[in-house]
C-alpha cells in the first residue's frame, strides 16, 4: 500500500495545472441559457484541442488513454482551477462508458470524437412522469419500423435537453417491468422539447414528447430488450466514479474553509468536518480506482459513494448559506446550494441507495 | 399560567387566514407584488400593534402572533413584519400607519439590505452593527433613497441595498423593535414550515412509486414525522419569546415579571424556527423529488421563503452564538 | 395566553424547594442493589410524609390534589435539587393513572395509599420474549379459576422486578392480537423472578415466569378482555406527561451547560442547543398541560414528546461523555449516559413513535 | 499510488484473525484478562514494529494496520496498542519486547490513566500535556508504580491512575509514538465498528417483530446503511494516516514525500473512526432493542470498547478542534 504519485502522474498534474492556468475563462453565463450553452460548448472544444475533454478515453476517440488515477488528478486540477461546469457531462460520463462497454466499434467511431469536441451535446432521458425513482415502470415505447424503430411516449427530467442535439434513454420494445426495455440514442431535432425551469428560473431540464420519431437500428446500443442490464451498468458507473469526482468536492471544501476562517468556531468546526470528509471521499475513490484497475467489480458499493458525496455537498453548501446569510445571493454559493439540493434526489434517490446498501451490500432481507 | 392562544387571538388569525386564502393564492405570488395588502389593511391588520391614540388597536405582539404565522403560511409578499411590527415600535406617530396606507421597510444592524424597499414609503436604516449595542437608526423617505437590488433566493422578498441623501434620526430605541421583528419573523417561519409539511404530506399521500403511495414508505414517514416534531417544539419557543418581549417591560397592573434575558429568549425562538423551516424545506424537496425543483410547482415560493426568512434578522448560528455567550455568563434562570 | 405563575403556584414552588433543601439525601446507592432499593424506599416514605410523593393525587389517597402545572413545578424543583430517582415510578406514574381511570374505588383505596408510601413497590410487566415492540403478540395467559385467575407464561424487561413486591401487565384470556387481553395486578412473591443485569452490571430488569400464580378477581382492572384499550390509555400517559417530566431534562441541561462552560466553543454550542431544547420541552409541556386541563385529548401527539425527550436526553449525555472523555466514569454522567441510551427504545421505540406520528398525526397511509 | 493493502499485509491480518477467533472468543472476555496474548506472541505479533536488531520484523505501522483492526474486531483485552505499537517507538532496546514477554502501558499527555496497567511490566508516563509541545515522558517499572483504578465503561480495558516512586527518563521523542498509537487505536475502532455492524445485521435478519424480520423495515435498513457508509469513509482516513506517520520521515530509497501536516491527518483518522464506532454502537443498540443492554449479551463488550477507545488518545471533538486550528493556519495542502 502506498499513496505516492508516480513521476508520470506528477508530470501529468503539472501539465494540466499549467494548461488550465492559461486557459480557464472567466465564469461564463449558466449553461442553461442559450449564450451560456454556446460558451460552455466552446470551452469543451478548447479542452478537446488539448486532448483534455475526455482524458481517459483511447487516443483514437479523442482522449489520451489516461489511467483512472490520472483522470482523478485531472479532475482535482480542473475544479481547483475554477473551470466551468461540463456541458458534455451526460455524454462523456454516462453515454460514453455505455458505448465503450456495449456499443459497436462503428458506434464508437461515429459518436465519441464528436462528443469529445462537443460537436454533439447529449441529454439523458431516463425518467418519465410516472416512473421517477421506479425506472422499471417506464412506458415510453419503441415500435419496429423498416430498418429501425419509431419512438412514442414522454420523458421528463431530461438534463441539458433544452439546448442539446441528441439524447439517449430506455424505451419499451416488449414485456413488462425490467424486461423488454431497449437502449436507444436519438436526435433531438424531431422530438418536441418543453423546457422546465428550475428554482433558479433556468431550464436545466426538459420534458420530451415522442410522436413516432424514427431512429435507425444503428442508434440502438446492445440487443433490443437488453436495455435494463445495459442501463444498470451505466447507472452503476454514474453512481460510482464518474458522476462526481472528488476534485469537485475538494475544491468546494477548500473554498468553504477559507470562507469560514474568521467565523464563529462552531461554524468553523463544521467546515473542518466537511474538509476532512472531502478528503475521505478522495481517499475512498483512490481505493476504488485501485480496485477497478485490478479488475474488481464495484457493484452496489458505489451506492455508498452516492450517499456520501451528495450529503457532503449539501452540508457544505448549506453551511456556506449560513456563513453568508443574506449576502449568499451575491456569490456563486447560492447557485451551488440550489444545485446541491438535487444531489440526494437524482441518479437514484438516497433512500433507494440506502436500501441498495442494506440489501445488496449488507444482505438484509427485502 | 395559561400557555395557549386566546379565542380572540385565534379569531384574528382566522380572519387573516380567510383573507389570504382568498386574496393571496399561490397564483398571486407569480403575478402580483402586493397581493392582499389592501384587504389586510381593511381588516385592521396593520393597526394591530399601533397605539390607540394613533388609531390602532394597541395590542401586544403575542396577540398578533397567530396572524403573523398565517402570513408566513400564505407566503405573503411585501414588508409585512416591517410595516406591521417594526413601524408601531419606531414610528408610532406617522399618520395613517394603522390604516396600512404607509409601508415601511428596514435595514437591520448588520443586515445586507431592506426587504421590498421599492414598495416602501419609509425605510428605517440602522447604524452598522456594534455587537449588542444599540447604534441607533435613521428614517429615510422612499424618494431620498437610492436602491440597489441584491440577488437572493426569494422572488417575493427582494432585498435592496439602501443609500440615501436625506434622513431623520430616530428618537426611539431600536433594540425592542428588532426583538419584536425577530420574533415576528420566527412566527412567519413556523407558518412556512407548517405549510411545507402539509404540502409534503399531501404529495406523499397521492404520489405512487413502486406500486404504493410514497407516504407508505417508512423513510418518508419518519422524515415527515421529524419535521412535525421540529415544528411542534420550535413553536412554543416563539410564543414564549413574544410574551418575553412584552413582559420585559413592567406592567402597571401586574407585578414586574422576571424575564432574565429577553435577548436569549428571542434568539432561541429565531434559531429554532429557522432550523425547523429549513428541515421542512429539505424534507419537502426530498419528498417531492425532482418536481420540487421546478418553477412550475408552487413549492418553490415556500422553499425560498424558508431560506430568506431564516437569514433575516440573523441566522440560526448567529443566534445560537448569542445564546452560548449568554449562558457562558452563568445566568441560567428561565422565563417563566 | 400568559406564562406567569399564580401566587399559589409560586408559594407551592417555594414550599417544595424549601422542603427538598432540608431533606434531599446524599446520593444513595443504585436502586438496583438491595441496599439502594431500601434507601430509595425510605426516601419515598419520607416524601410521602410531606405529601410530596404523588402531589397530583387526591388527598384521600395520599396526595394533595395539585394541578398539572403544580406537578410540573414539583418536578422541576425535585430534579434541580438533585433528589434520588423514583423507585415508585412504575406504580405512581403508570399503574395509578390506570387505577384512577379504570379501577374501582375499592382498588384505589386498597392500593394507592400504600403505593404513595412505597409500602408496595410495583414492577411493570409488558414485554415478552417474542413481543418486544409488538405488544399485540403477547402470549402469557390468565386462565379462569375459582373467584379469580391463574397466570401462565413469561414476561421480560420487567423494570424494578428484582426487588419489587407487586407487578402489573397484560395476560391473554381469549382471542388473538389486540383482542382478549386482560389487565392484571399480581404479587411477585409467587412468581419466579430472574434478574437480568444491564450494561452497568446491575439488575434493572428481570424476567418473570408464571406457573399458575393465582390472583383473585379484585386484581383485574376493568373488564376481562378490555386490557388492550386500558393499557393503551396508560401507555399514552406513559409517553405523554408523566413518564418524563421536563424537570429532569432542565436539571441535566443546567449541569451540562456548567460542564461545557470552558469547553471548546463547538462543544459549548451543542450544550447551548440542548439547553434551549430542554426549554422547548418545558414550554411544550406547559401547553400540553393546558390542553389536558381544558379537557382535550392529547392522543398520538404524545409520541412527539417521547421522540423529542429521548433524543435530547441522549444528546445531552453523549455530549457530557465527549466533554469528560476518560474521566466520565468518575462522575454520575456515565450512569446517566447508559440510562439515556435506553430512552429511544423503551416505552415504544422511537421508530414506532415516528410511525404513529406519521400515520395518526399527519395522516400518512399505513 | 496503490491505495490497497498488499497480500502480505492481509495475510498477516488473516493470521491474527484466526488466532483471535480461536483464542479470544466472546466467552473469554468474561473469564480472562489476557486471552490470546501468548498465541499472538507466538505468531510474532508483538515484534511486528520492533527493529530487526532487537529481534523484531521491523515493519511499518501500515503493515500492521489490518492486524490491529482485527484486535479491535475481536475486542482483544490488554494493552495491545501500547505494547505492540508504542513500545517499539519508545523502548526499542528493551529485551524480549519482540517476543511479547514484556507488556507496556501508557499514560498519554492529558490522559486520565493507563489502560490495563496492572498487567503491564513497564508504564510510560507522559508529562502533563502542554498543548502541542512534547513534554517528554518517563518509564516506570510495575513494582515502582502505585495504581488507583478509575471507574469506566469498559470491563476489558481498565484504566488506572499511576503514581510512582522511581522512574527513568525517556530519551526518545514522544510525539511520533503517540501519533502511531492514535492511528492504531483508530484502526481498532474501525474493527469494533465493523463487528458491531455485522452483529446488528445478523440480529436484524433473525429477529422478527410485526410478522417480519426487523431487517426488512426501511428504518432499520437505512440506519445500518448509514453505519456502513460511515465506516467505509472513515477507514481510508485511518489508512492514510498510517502512511503519513511513516512518510513524514524521509526515506533513503525514495524522494522525500510531502506530508503537509501529519498531526492533522492523524486527528482526522481518530475523529472519523471514533464517530463511526459511536454511530455503530448506537445503531447496534437501537437494532437489538432492550436485549442489547443486558450483561448476558456479548454485544456489551463491543459497545464498551467503542466508548473507551473513542475517548483514548483524545476524543473526536478534541481532534477536530486540532484540525480546525491547523486549517485556520491556512495550509490546505493534502497528502497525498
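The chains carry the letters A, B, C and D, assigned in the order they are written, with residues numbered from 1 in each.
What we mean here is this: a contact is a pair of C-beta atoms (placed from the backbone, for glycine too) under 8 Å apart; a residue touches a chain by one contact, two chains touch by 3 or more.
What you see is a predicted model; the values in this text were computed from it and never measured.
Trainee: Taking CA centroids for every chain, report which one is farthest away from subunit A.
Mentor: C
Trainee: Quick check: more C-beta contact pairs in A-B or B-C?
Mentor: By number of C-beta pairs in contact, B-C is the larger.
Trainee: Report, in whole Å, the distance between the mean C-alpha point of subunit C and the mean C-alpha point of subunit D.
Mentor: Centre-to-centre distance between subunit C and subunit D: 39 Å.
Trainee: Please report how many Å separate the Cα centroid of subunit B from that of subunit D, as a whole number.
Mentor: About 50 Å, centre to centre.
Trainee: Got the subunit C residues that touch at least 2 other chains?
Mentor: 264-266, 268-269, 351, 354
Trainee: Mark out which residues of subunit B touch at least two other chains, giving numbers and ranges.
Mentor: 217-220, 222, 320-321, 324
Trainee: Would you mind writing out the residues of subunit A in touch with subunit C in their complex?
Mentor: So the residues of subunit A in touch with subunit C come to 264-266, 268-269.
Trainee: Spell out the residues on subunit D that touch subunit C in their complex, using ranges where they run on.
Mentor: Residues of subunit D touching subunit C: 111-113, 150-153, 159, 208-210, 217, 219-220, 278, 282, 285-286, 289-296, 300, 303-304, 307-308, 311-312, 314-318, 320-321, 324.
Trainee: If you look only at subunit D, which of its residues touch subunit A in the complex?
Mentor: Answer in residue numbers: 1-6, 9, 62, 197, 201, 204-205, 212-213, 215-216, 218, 220-222, 224-226, 228-229, 232-234, 236-237, 239-240, 243, 247, 254, 257, 268, 271-272, 320-321, 323-324, 327-328, 330, 332, 334-336.
Trainee: Under the definition above, what is the set of subunit A residues touching subunit B in their complex?
Mentor: On the subunit A side, the touching residues are 127, 130, 132-134, 137, 156-157, 196-199, 201, 205, 264, 266-267, 318, 321-323, 325-330, 334, 338, 341-342, 344-346, 349-351, 354.
Trainee: Over in the complex, which subunit D residues touch subunit B? Could you list them?
Mentor: Per the touch definition, subunit D meets subunit B at residues 217-219, 222.
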